Each structure stands twice: as structure tokens, then as C-alpha cells.
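Both complexes shown next keep chain A, but they swap its partner, so chain B is in the first and chain C is in the second.
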Partner chain A sequence: MNNLVVLPMVIPVLAGILFVFFRYQITLQRWISFIVMVGNIGIAAYLLYLNQIEGIQRIDFSGWKPPFGISFVADSFSLILVLITSLVAAICLVYAFSSIGEEREKMYFYSFVNFLVAGVNGSFLTGDLFNLYVCFEIMLLASYVLIALGGEKAQLRESIKYVLINVLSSWFFLVAIAYLYGSVGTLSMAHISERIAEVGQTPLLTVISIVFLTVFALKAGLLLYFWLPGSYSIAPTAVAALFGALLTKVGIYAMFRVFTLFFYHDHSITHTFITVLAALTLIGGSIGAVAYKDIRLIVTYNVVIAVGFILVGLAVATPEALEGSIYYLMHDMIVKALLFLIAGTMIAVTGTTRIDEMSGLIRNYPLLGWMFFIVMLSLAGIPPLSGFIGKVLVGQGAIEAESYILLALAFISSIFVLYSLLRVFLQCFWGETIISSEDEVPMKKGWIIPCAILTIATIVLGLGAEIIFPYVSDAANTLLNPSDYIDAVLTQD
Partner chain B sequence: METLTTILTGVLVSVATYLILSRSVLRVILGTAVLSHAAHLLIMSMGKGLKNGEVPILRDGASSYVDPLPQALILTSIVISFAVTAILLVLAYRTYRETGTDNLFELRGFKDE
Partner chain C sequence: MQQNNLILRTTTTLIAFLLLGFAIYLFFAGHNSPGGGFVGGLMTSGAVLLLYMAYGIESVDKMLPINFRILIPIGLATALATGAGSFLFNVPFLTHTFGYFYFPIFGEVELATAMLFDLGVYFTVVGSVMTTILTIANDQKV
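Showing the complex of A and B:
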């Protein structure tokens, strides 16, 4: 029983509600949102530390003991993700301060960012399947507003499609929950896991697991990513960075939870499905990343490739591969946010989204250029940056599991990532300078500082892998031994 | 009773599918609303025992009762689908005002992009 576990969700909700009453006090809203995110980093870090000493933390709401009540369960995997979420959200907020514009700020922008983060953190922490659905919906409702906020033509057009596809996938989620409740008669995740282990994974349960896979594949953009490039590329930069870094990762988290806690008994069916989906996602994402000249689309297809890569780890499901996936998940949240912010800054200073209309930016904005270079190396997996260790571990896992085709696809996709971003780098930063120093849009500090912090974060995550490794390894360990999770939730204290 | 709700769920899903596949935004939104009702009925029929005239409360001396959990789930889900439908209607209205069309085919994208 630890009351701290609920705070990463409750504090943003309260802050978001508070802002409704202080609509025009923008400075106040900025400061409070920033403090909330930084506070969440602290809480998540402290809980992560407690986790190492005391084991998995949980809270049962209003004293209803599991499996009857709803509980929040904080294991290392959840807490690592909450920590990175808070970090990314704090930095995206700093970027939003100087880029989002006063009009949006007055239309409850910070409220909805807080609700979004509350939904994301809630999804990571909850130990109840229906509560996971509710947290998903909180997150999605906030994202519906954020994507349409501003009311530009293209935004509204894409937001309709985004909302509709998510309503449909949420419906499937509800149906999957109904089926699962009908067959196992409980909603507490630990209890579901225990019951499935008792009766065995019958063919009926395997079919239900495929419905779950469809739902999360839609949310995470695993093969079913047709909605993703349109909606992610249309939002304002700070929002797009939040979406690119957080939203698909929640779907990935849910997939990891469901397929390591509930449906891990019949690998030959479920994990074969995931393998095929991951492989097709890697291929499709790679083609998309090199096919376009619009920098926003290039960047969003990079999100798709990362989803495929992380799911390779789940598909082979060896300890090393899972560690690699978790590590890569952390890396990807930070680096994707950075990539979106840099791309958004490039669009803001040049006024165009097409890479063939930008040239020689390195002379005007050298720092931005070199940060883009670092991001590119990090995404391609060059040591000592953070992408390297994740890729090595996932690769090691794939070799152990002897899935060489997946291994080849995963590493070929890295080359496509490198190629797609190198193309952007050569086109936009090298070449003849087209912006003369008089016409140059001055680089705002509020743009360059968030990017710099995230660049430092990716370097630190790469160099400090040794320090982070115990936590990642503990997270992978809990995923591989569902009994740890079940014991932590179902023991009465 | 279960058979009846299951059939009704099926009917609602087919109606919703038909509406969602149409071109008009408004019909699609109505389709999603009907779809969510289908899910609610499905949840209800998944609860153990859909007995006629029973209340979902376990009292002293009650011989039978209905599983209360699905009803709680449905209540939550109704609230969520209400919020989503409301936001969708607002979005559709704003989109209609900005682009002058409610035809999904014309909302695919513009040539100048």
C-alpha cells in the first residue's frame, strides 16, 4: 500500500481542472504545468528506487482488496515509462511556451496537456483492465482536443479521421474486455493472469487475444498505421512531439502487458502474429520514410519503424530481447520527441515543410544542425548514443530465438532510418545557403533549449546505460515472471 | 434473455456498420453512437446470469442476484461514449463551417499539399 503510486495521474488531473478557473493567467498555467511534470519525474524516480528495495508497489482504491477493487500497480516497467513520460512532457511544455501561441494557450491548451499526461500515466500504472480502457479514453479525449485546437482547415480534416479510427478501436477494446470478462469472470489484471494460467489458454482465449492484438495494433500503429502519418504531421510542433513520443508507446505498453501477463502460454499462435505484424510494419515504415519529401511525413514514418522494432523484442520474447525493447522504448520516447521538435523548428525558421525547398541551414543555425546529426546517429544506433544498446540487445535476443528474418529486417530498417534522415540532413543543412543573414528568422531560446536538453538526455542514456541497466533488467524480469506481478497484487497486506 | 440481447447486439452492429460506411459525416457519427450501444449490450450479456426481475444487489437472504459489475462498466462506458460523441459532433460542425462539406470523400486531402 503506497499512496504515492496514484499521484502521477491525480496531480495532472487536478492541475488541468484548476486551469479552467484561471483561463487568462497564462504565466501561472505555464509554471504550474511545468512544476507538475517535474514533480512527477521526482515521484516516479522515488518509486523506482522503492521498487528496488521493497518490490512492486500498489494502492487499492477505497480499501477494496484485489481482485474486487481497482488497484494501481507500479512495477519497474510502468515506472520507467512514467518517468520518461514526465520528462518528455516537461520538455515539450517548455517548447510550447514559445511556440504554441497565445490563442491556443487561452483555449485551455495546458489543461489538455495535463489531461493527456494523466491518461498516459494512468494507463501505465493501472492494474485493472477496464481501468486501462478508461485511462486510454482520457488520453484519447485530450488528444482529440489537442489535435483540433487551433481550428485550421487541415487540422479539422485530419482530426475527424483520427477521432473516428480511435472510436472504432476503442469499441474493439470494449468488445475484447467484454469477451474476456465473459470467459474468465474478472477484470483485475493479476487475477486474469492467474485464472488463465489455471484453466490453460484455450482456443477461445487465443481468439480473444487476437482481438486485443487488433486493438493495440491500431493504437500503437503496428501495421494498422494508415491513420498515423496524416494526423501526427498536422498538429502543432509541441503537440506532435507529445503524440509521437507518448501515444503510440501507450499502445505498445498495453501490448507488452497483455502478451506477457495474460496470453503467454501459446506462443506459436499469438507471437507468430506479432512477428508477422512487426516485420510488415518495419517494411512499410521503411518505404514510407524514404518515399516523401515532406519532413513531417518522414518523421512520422520514423515513428512507425520504431514501433515495428520494439515489437520485434516482444515477438521473440527472450530476456535479452525484452530488455532491449524496454531500453529502446525509453530511448525512442526521448529521441522521437527531439526529432519532432527539431523538424518543427526547421519548418518554423524556413516556412516550408518540403526538404527540397530548404538548403544550407547549418550556416544559419549550426547548433540545430549538429543536434539533428546527433539525433540521426542515435536513431540509427551508433554507439555511444542511446539507440545502440537497445538494438544490440534486441538483435542478441533475435539470434538466440533463431528468427533471422526478423533480425535482418530490424537492422535493414535501421539503415532506412539512417538514409531517410541523412537525406534530410544533406538537403536541408548542407548545400548552398539560401537564407541570407538579414532575412534569417532569429532562433528563439525557447526552441533551442528543449532540443538541447533532449540531446543531452539521449547522450546520457547511452553513456549511463550501466546505471540504468538494473532497472531495465528488473522490468524485463517482471514481464517474464508473471507470478511476481500476481503475488505483488493478490497478497493481502 | 441472453439470446435476445445477443441478437439485438448483432442487429445494432449491422446498423452501425452500414451507417459508418456512408459518406456523410453525420451518419458516421450516428453509426459510432449506435456501435457503442451494441458494445454495452454485449457487456451486459457477458455478465453471469441475466435474470429477469433481479436486482444487482446482494442482500441478506437474497437467493439470487444479477452480476453488478457489467452494469458499472456500462455506466462508465456510456459516459465516455457520450463525451466522444459530443466532441465528434462539435468537430464535424466546425469542419463543415471551415471546409464547406460534410462528404468524407471530399475530406480526403487537398491537391496543393
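Showing the complex of A and C:
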């Protein structure tokens, strides 16, 4: 028993509830929500440390032993993601302080950000399939509000699509859970895994696994990403950064859990599906990223490419590839938040979203320009930065599994990422300066500091790979050996 | 046009109290028979809603000066506090306990902390249902 495990979800919920009472005390809300996120970083880091010494941490709610009660299970994979989530959320909050506007802040903005983070953390930590569904809904309900908050025309249009598609996918999720519960008769993840291993993965269970794949593909934007560019590009910058960094990653996390813990017996069907989906996502995302001249759409299609890339690791499922995917997932959460924040800042200072209407920003905002340059290199996977190790490991895994087409697609997509962002860089930052120094919108400290922290984070994540690697390798190890997870949950202590 | 809805108002005074009583019965029955915080809260909202329909928004606002919106966080905080209260006793999150107490009229009664959690659900349901309906009903500007 370790009550600490539940805190990354409980503290944000508590903060979110408190903010309703202090609706107009905005400074208080800002400080408390920032402190909550920083506190969560500390808790996740401490649990990660405990994980190395004592093994997987778990708490059974109400003291009901699994499989009869709901448990929160904190293995390295979950904790790494909780840690990065808290970090990204803290930084996006700092950006929101100076960009979101008092109107939105008074309409419970910070409450909903806290609920969103609570839902994301809950999804990462839970050890129960239905509880995962509930945490998904907490996250999604908060995201519905955040996407529509402000009530602009474009926001309302896109939020209707976003809500519709997510209601549909949640319904599919519920149906999939019902089928699975009907076949194996349990909802605790560890117990499901054990039961499936006992009966072997029958064709019925494989069909259920495909329904799960559809659900999480809708949530993560794996091939079924048609809703994603529209809804991610109209939210306010800080919100879009939170979405881009967190929401699709929860779908990816769920896919990793489900296909390494439950349905790992029949690779020839499930993993072929994932392979094809990942390949098509890489192609579609790459085409989207180079097709548009709207900077927000270029950035959102980069999210799609990253989803495809991370799923390549799951598709080949060798130890190296999984380590690479986990590493790339960490990197991608940080870098996508940074990319969204920089793109939003560029839009804020130029007043336009089209890249052919921006030019020569490097003279006005040199720091912003060079940070964009770094994030571009990091996303493309240039060695000292954080994108490199993930890509190398995924590539290594793909070679080992002899899936050369996937390997080729994954690395060609890196070129497309580089090309799409280099185009933005050349078009917007180089060239003739069209903003004269009188018309220059002053760069607020609250815009530049969050970007700087994230830039430092991506450099540290790249250079400090040696320090981070034990945790990543432990996470991949747990994913590859479901028995570790099952033992940690089902052992009665 | 001034409508004379005497029959509606007279029956409402009676029925609303019956409904409220039944709602409270449902709320307390939840542990051992069908009922609980959710349906109790819905039934309470139904009773209050009937008052609103019979007497109009202004007069009920005078009768029941409650800001229903604030009930949501109160309910959520109650539910969360009963869950988090377990931290103080160093037992897992959401652990509940119960005890037998003697009351003058009712005799020996079993009281469980799960009831407090249900009270949180009750407040949240009443708050959110009433907020939703009153927000839509009041939406006459624009």
C-alpha cells in the first residue's frame, strides 16, 4: 500500500474543485495550479526512485485486493509519463498566465486544466480497464470545455466535430470493454492478462483486440486522425500545446498497455494491423505537413507523424524498439508542447497564421527564431538533441525485426518533418524583415520563458540520455514481461 | 396574459413535499435497498423543478435562496474529502468504515462513512441538474 500513487490524480482534482469557490481570485488560482503541477513532478520523481528500489508500486482503493477492487499501479512507464505530463502542464500554465486572457480565466479555465491533468494522470496510473475508461472521460470532458471556452465561431464549429467523434469512440470503447468482460469475466488489467494467457488468444479475443485498436486509434490519431488537425488548430495556444502534448499520448499509452499486456499472443494479426496503420499514418502525416501554408496545420500534422513513428516501435515490438518508442514518447511530449507554444507566439506577434505572410522574424525576435531552430533539429532527430536516441533505437528494432519498409517510412518521415519545419523557418524567420521596429509587438517574458525551459528540457533529455536510460529500459522491460506486472498486482501482501 | 393556475399551484405544494420526502427516503435507503445519492438527487431536482414550473423563477428564487452552481463543488469536495480522509488513518484511499450508534427514537442504527460519499454525490447531482436547467431556462437575453 502506498497512498502516494493516487496523489497525482487527487491533488489536481482537489485544486480544480477549490478554484470554483475562488472564481475571481485569479492570482491565487494561478499560483495554486502551478504549485500543484510542480508538486506532481516531485511525487512522480520520488515514485520513480521508489520503483527502482522496491519494484512496482500499487494502491488498492478501499483496501479491496485485486482483482476485486480498483487499483492504481505505478510502473516505470506510467511514472515517466506522469512526470513529463506534470512538467509540460506546469510550463503550459506559465504560458497561459500571460496569454489566455482574463475572460477565460474567470470562466474556470484553471479548474478545467487541472481536471484535464487529473484525467491524464489517472489514465496513466490506473490498473483497471473500466477505470481507464472513466479517466479517459474525465480528460475528454475537460478537453471539450477547454476547446470551446471563449465561444468563437471556429471554436464552436470544431468543438462539435471533436465532441461527436469522441462520443463515438467512447461508445466503441464501452462496447469493447463489454465484449472483453463477457469473454474473460474480469476488469482488472493484470487479471485480464492472466485469463487471456490461460485460454490462449482465441479468434474472438483477437476481434475484441481490433475493436480496442480502433478505439485507441481514434483517440491517438493513428490513421483515424481526420478530426485532429481541425480541432487542435483552433484552440488558444496554451490549450493547443496541452492537447498536442498530452491527449494523443494517452491513446498511445493505452495502445501500448493493451497490446503488450493483453493481446500479445497473436502477433501475426494484431501487430500486422498496427504495422499497416503506422505506415499509413506516417505517409498521411508527412503529406499533410508539407501540404499546408497555415502554421497551425503544419504543427498539428507533425503530431500525426509522431504518432505513426511511436507506433512503429509497438508494431515491431523488440526490446530496443520499445525502449526507443518510450524515449521518443517522452521527447515528443516536451517538443510538441514547445512547437505549439512557439507557433502560437509567432501567430501572436505577427497577427497571421499563414507562413507566406511572415518574413524576417529573426531580426525582431532572435531568441524565438533560434529556439525554433533547435526544436526543428530535435524533431528531425539530430544527434545531441532528444529526438535522436528514440529514432536510433526504433530503427535498430525495425532492422532486427526485418521490417525494412517500416524502417524506410519512419526515416523518410523524419525528412518530411525536417522539410516542413525548415520551410517554416526559412519563410518566417529569414528573408526581408517586414515588421519595422516601431510596429513590433513586444515579446512578453511569460511567452519566452516557458519556451526557453522546454528548449533546455529537450537538450537535457538528449544529453542526459545516460541518466534517463535505466528508467526507460525498466519501463520497456515491464512491457515485455507482462508477468512482472501481473505479479506486482496480484500478489497478496 | 395572466393565467390562473390555482389547481397546479395547490397540488404542487402537496406533491413537491411528497417528492422531497421520497427523495430523502431514496437517499437513505441506498445502502440496503435500491436508491442512493444519484437517484435521490435527481428526485430532489424534480421536486424543485416542479416548484419552478408552478411558481415561476422569481418567486422560487425568493423561497429557496440557494446558488445551485455552488452545490457542485461542495458535493465534489465532500466526496473527495471522505476518500482522502483515509490518508489521516494511514489506510488506502477511499477506505470506508462504519459503526453502530444508539439514537433515542430510532434505536440502534448502522452509520457508514459511505453515506458521506453519497451525500457528495447527492449535492453534485442536484447542483448540476439544477444549474443545467436554470441556465437554459434563463437564457432569454441575446
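Assume the second predicted complex is superposed on the first by the 493 of 493 C-alpha atoms of A that agree within 3 Å, B and C clash if a C-alpha of one lies under 4 Å from a C-alpha of the other, contacts with A are read in each partner's own complex, and residues count from 1 in each chain.
Keep in mind that, in the parts below, a contact is a pair of C-beta atoms (placed from the backbone, for glycine too) under 8 Å apart; a residue touches a chain by one contact, two chains touch by 3 or more.
Not measured: the values here are computed from a predicted model.
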{"item": "Partner chain in contact with A:Ala452 - chain B first, chain C second, else both or neither", "value": "neither"}
{"item": "First, second, both or neither for A:Ile26, with chain B first and chain C second", "value": "neither"}
{"item": "First, second, both or neither for A:Val134, with chain B first and chain C second", "value": "first"}
{"item": "Partner chain(s) touched by A:Ile59 [first = chain B, second = chain C, both, neither]", "value": "second"}
{"item": "Contacts of A:Val10 with chain B and chain C, given as first, second, both or neither", "value": "second"}
{"item": "Chain touching more of chain A, residue-wise (chain B, chain C)", "value": "B"}
{"item": "First (chain B), second (chain C), both or neither touched by A:Ile269", "value": "neither"}
{"item": "Partner chain in contact with A:Gly151 - chain B first, chain C second, else both or neither", "value": "first"}
{"item": "Chain A to chain B touching residues, read off their complex", "value": "130, 134, 137, 141, 144-145, 148, 151-154, 156-157, 159-161, 163-164, 167-168, 170-171, 174-175, 177-179, 181-182, 185, 187, 230"}
{"item": "Chain C to chain A touching residues, read off their complex", "value": "70, 72-73, 76-77, 80, 83-84, 86-87, 90-96"}
{"item": "Sites on chain B touched by chain A in the complex", "value": "20, 25, 28, 32, 35-36, 39, 42-43, 46-48, 69-70, 73, 76-77, 80, 83-84, 87-88, 91-92, 94-95, 98-99, 104, 107, 109-110, 113"}
{"item": "Residues of chain A defined as touching chain C within the complex", "value": "1, 3, 6, 10, 13-14, 17-18, 20-21, 59-63"}
